[in-house]
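In the two assemblies presented below, subunit A is common to both, partnered first by subunit B and then by subunit C.
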Partner chain A sequence: MILTSPVRGAGTSATTLGALGVAGLAVVLELAPRLGLVSTVYLPPLTAMLGALAAEAASPVFWFSLYETLRGWAIGLLLAVGGGILLGVPIGLLPVVRKATASTIEFLRPIPSVALVPLAVLLFGTDLRSTLLLVVYAAFWQVLVQVIAGVRDVDPVAMDTATVYRLGLCARVRRVVWPSALPYVLTGVRLGASVALVLAVTGELVIGSPGLGRQIALAQSSGAIATLYALVLVTGLVGMLLNLVFRAVERRVLAWHPAVRGDSVR
Partner chain B sequence: MTARLLRRLAYAVGLPGVLFGLWWLSSSDSQNIYLPPLSRILATFGEVWFSERLIDDVLPSLGRLATGFALAAVLGVGLGVLIGLNRTVRLATEPVLEFFRAIPPPVLVPILMLFAGIEDTMKITVIAAGAVWPVLLNTVEGVRGIDEVLRDTARLYRLRGFTVLWHLVLRSASPRIFTGLRQALSIAVILMVVSEMFAATNGLGFTIISFQRGFAIPEMWSGIILLGLLGVALSLLFRVAERRALSWYLGLRRAQRDDG
Partner chain C sequence: MTTRFSLRTTAFALSGALALSSCASPVAGGGDTPGTSGATTSVSLGVVPVIDVAPIYLGKEKGFFSKRGIDLRLETGQGGAAILPGVMSSQLTFGFSNMTSLLVARDKGLDVKVVANGTSSTGKSGGDFGAVVVRGDSPVQTAKDLAGRSVAVNTLKNIGDTTVRASVRKAGGDPAAVKFTELAFPDMPAALAKGNVDAAWVVEPFLTMAKNQGARVVAWNFVDTAPKLTVAAYFTSAKVRTEQPDLVRRFTEAAKESATYATAHPDEARQAITGYTKITKEQVAALTLPDWPAEVNRESVAVLADLAPQDGLVSGKPDLTALLP
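Up next is the complex of A and B:
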């Protein structure tokens, strides 16, 4: 994606334009309610939102909620990634297993995880585990499908070489399969991470388990509109930040990846 | 030939059959009120959903889903083409769009309730507002990635206006557009359910949550199964539509792979 963009050289102007866009949105959000284009009851001016954000930042409840959301997200993502890799590697390696599981995966994957909300409430109440159930179910399939694709994509020549060198199964998975599947795995983890955040917040919003989602529902029901907007702003920022972090990690590992391949070709 | 067909069939239904059987057997004399026997869930399924609920709850949900998704598709592709064709607009809107995409869509429900109450308008707006971002961003990327040679050829032949838009721009971007639409579809289903769970007087999400609150456990399970079937059916439908619309592209890819 980066390579195909011919305008990368004009980096400064891209940043300037981006900043102008953000500034433009900020002006609209400030002026539209002030000039009476939108009722301030529905859309408070940006300064009011930022004021509410500052007030939130001073309250321990906000930081605790943020922590709860991130904790649910992280635990859920870890479980999903672990499960996805543990199941995905054998499924991808063994054609028989792959054929036998394909229809089941295709059937279970598109089931919307919010369908599990009532079940989660019954089984776990407003516990962290309720959120986890949704998060893990949603993120697991993203990871699994990518892991399977990555393991299948292993270079057959590399596999044959491993056979010639009589590498055992463990060594083969670690030295041949894992490195070539890694880009796929990381893509799966990034996709899973953003889905996990959506489901973590959704669970808190609908079920009422502690976290930013619940704070949003509370702000809405108590009519604290500026706070509501401030919290939504925070969820967007968290989402963007996590996405940036995962992209950066991915770029690092992918930069290493073709370099190793390049060496082996030479 | 038939042997191969039979083997494929066995692979396709084998594991689902085993899992279904396991669920059936392990739950057959279940005393746990939260995990009723599968036979009872299935019996309830027929009673609950093949009744006036089909018209009162399922159809309104599907209508909102279809309207919201269609809105998101039209808006996403339309704005995406406009943004993608103009470099200045694209660079100026990029960070803002990335931010909007990063907001978990369900948090839009409480905000849009302020504007549109809890009626259909709110739910359709929520679905459209949440599902539009993947379509929009993928369309922008697709339009950016138009083949330079094709673009020059179109210019050389002095193709203009609608012809360029339809045959060059939308056609080149269509694989990316479909990627976006697929993501949008699953977001739309989530938002349909969440908006109905959060605030509604009818619909699938509302009904399932009221079953759960009333401890009508087999009914609740049947609702979960219905939502699952809905998700599966929609993804199958989407795949058929994609295969028809992108047959030229899939064929091209296959030919390239065989060459290489």
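Up next is the complex of A and C:
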């Protein structure tokens, strides 16, 4: 929605459509329980959820939990992105390394992070580090795979040219590989960011480390269903905002890139 | 790691100081037990944020722990299943668990020991904090009718199914014919309403919620199992017990004082529940609270211990003297 550029005529209609989608969802959430399609006990109408949200927003615990979740998300994402880039560039560049690691990566990547909960609890108990393990594990692969793809996608002619000009490895990575891999890397970061948020909340929910997830679990075990949904709405909202921010950053950083410049994408 | 080490050192120094000072002052008073140093031991207690542990929250608030030199940290993480491993791996000093889980743990060779009573059934048929409910229109009338039906319990092979079987047995039904399904307490009222299960063993606040939605109680499983059944207790590991006996003693005293206080002040206990759960004031007023006696009801635990091998939860007859204080 924020992404609309003045050049695009379709922009305004995308915003309108987006707003219509949200409004439609809101109407369904309000009416489905009121019309008796689902029991109000288990799915309260949207207005009841918003009321519960207002009550939550008045408590410092809510804001602290939001902070804890965002902190876990940010630290986890940073570690995942750092690790993904540090390992992804050499793997993408060197065919030998790539061949040696490909099957291992394909084996580890699909393992659901949540399956590591017992390990996380065993190693770190219930604190932030447990959540981080899940977040980093899930987001790391998103970034790594994109980085590898980006590095492999470097124009061979440009690489040959760099060789002819006798550029050193560092210069080659910095001037040839990195700029052309950057769009992939940013996509990886954006995907990793969403996955990291999902896993941060899941970790808190399942393990009980502090954050919004734990508040959701608490609402669940208290039978506070409106509050439960209110918190779920918050996590959805946070995810949407983060995605918007990342897309905006992407557009700015890649302003020079044909995909962004030409508006051929999106 | 470092913090834990330093804690242990502090605890050691403290227990030494206490050993000296306790010669002079009788321990029962408990007024200024931390001794000369005034230092406090940081203690982590693994609990599930349910109504059962209200006395501990209240007791902490009232200073029953701090006046005994215990800086109590309540760890509500993990959920019940991970409290036991948490205590065994020394991530938690103490834990809260139901009796059957502790019996099973001992059967598996884990050296757990009860240090204080937790929650007991009220012993009132018609007014306990846990019961088996069915839909209002269900053909099931008594516990006997549960044979051949599906009953939801929060954990299979635990205190839920073993006590529900006791109800069925007592009513003259075939306990082996009951089909148990694992469901989380919060999901039970909905599953029951939808007809996914024929009956559900629920505890508060979900018992009241289910009843408000038209569910009908067919068995008071805790009451049927034993009079004033001890349902859950606070426990620790052999390691803590041998390394910090004085800490265990102080914790036990504080937990007892908390239980006695909560029993005498149920309104304050209800108030405390709204502080650590998201149960509202209106809801909490309608709930049936469990009993919080200071001592474990040994005979009732003996009943659970007899049921455990019968229901195939443990291999041998549990050693109660090793488990209970």
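Couple of notes before you dig in:
The criterion applied here is as follows: the second predicted complex is superposed on the first by the 223 of 266 C-alpha atoms of A that agree within 3 Å, B and C clash if a C-alpha of one lies under 4 Å from a C-alpha of the other, contacts with A are read in each partner's own complex, and residues count from 1 in each chain.
What we mean here is this: a contact is a pair of C-beta atoms (placed from the backbone, for glycine too) under 8 Å apart; a residue touches a chain by one contact, two chains touch by 3 or more.
Since we're looking at a predicted model, the values are computed, not measured.
Within the superposed three-chain model, A:S103 lies in touch with subunit B and out of touch with subunit C [touch as defined at top].
Contacts of A:G213 after superposition on the shared chain: subunit B is touched, whereas subunit C is not. By the document's definition of touching, of the two partners only subunit B reaches A:N243; subunit C does not.
With both structures placed on the common chain, the touch criterion links A:P156 to neither subunit B nor subunit C. Residue contacts after overlaying the shared chain place A:Y42 against subunit B and subunit C alike.
In the overlay built on the shared chain, the residue A:T227 is in contact with subunit C alone; subunit B does not reach it.
In the superposition on chain A, the chain among subunit B and subunit C reaching more residues of subunit A is B.
Using the contact criterion defined above for the overlaid structures, shared-chain residue A:L122 touches subunit B and also reaches subunit C.
Note: residues 41-42, 121-122, 217, 219-220 of subunit A belong to the subunit B contact set and to the subunit C contact set alike, using the contact criterion stated above. Listing the residues of subunit B that touch subunit A in their complex gives 11-16, 19, 34, 87-88, 91-96, 98-111, 113-115, 141, 144-145, 186, 189-190, 193-194, 197-198, 205, 208-209, 211-212, 217, 220-221, 223-224, 227-228, 230-232, 234-235. Only residues 39, 41-42, 121-122, 125-126, 207-209, 214-215, 217-224, 227 of subunit A touch subunit C when the two sit together in their complex. Those residues of subunit C that touch subunit A in the shared complex are 48-50, 75-79, 82, 85-86, 89, 91, 184-186, 189-190, 193, 205-206, 209, 213, 277-280, 283. Interface of subunit A with subunit B (complex): residues 1, 4-5, 7, 13-14, 17-22, 24-25, 41-42, 99-104, 107, 109-119, 121-123, 194, 197-198, 201-202, 205-206, 213, 216-217, 219-220, 225, 228-229, 231-232, 235-240, 243.
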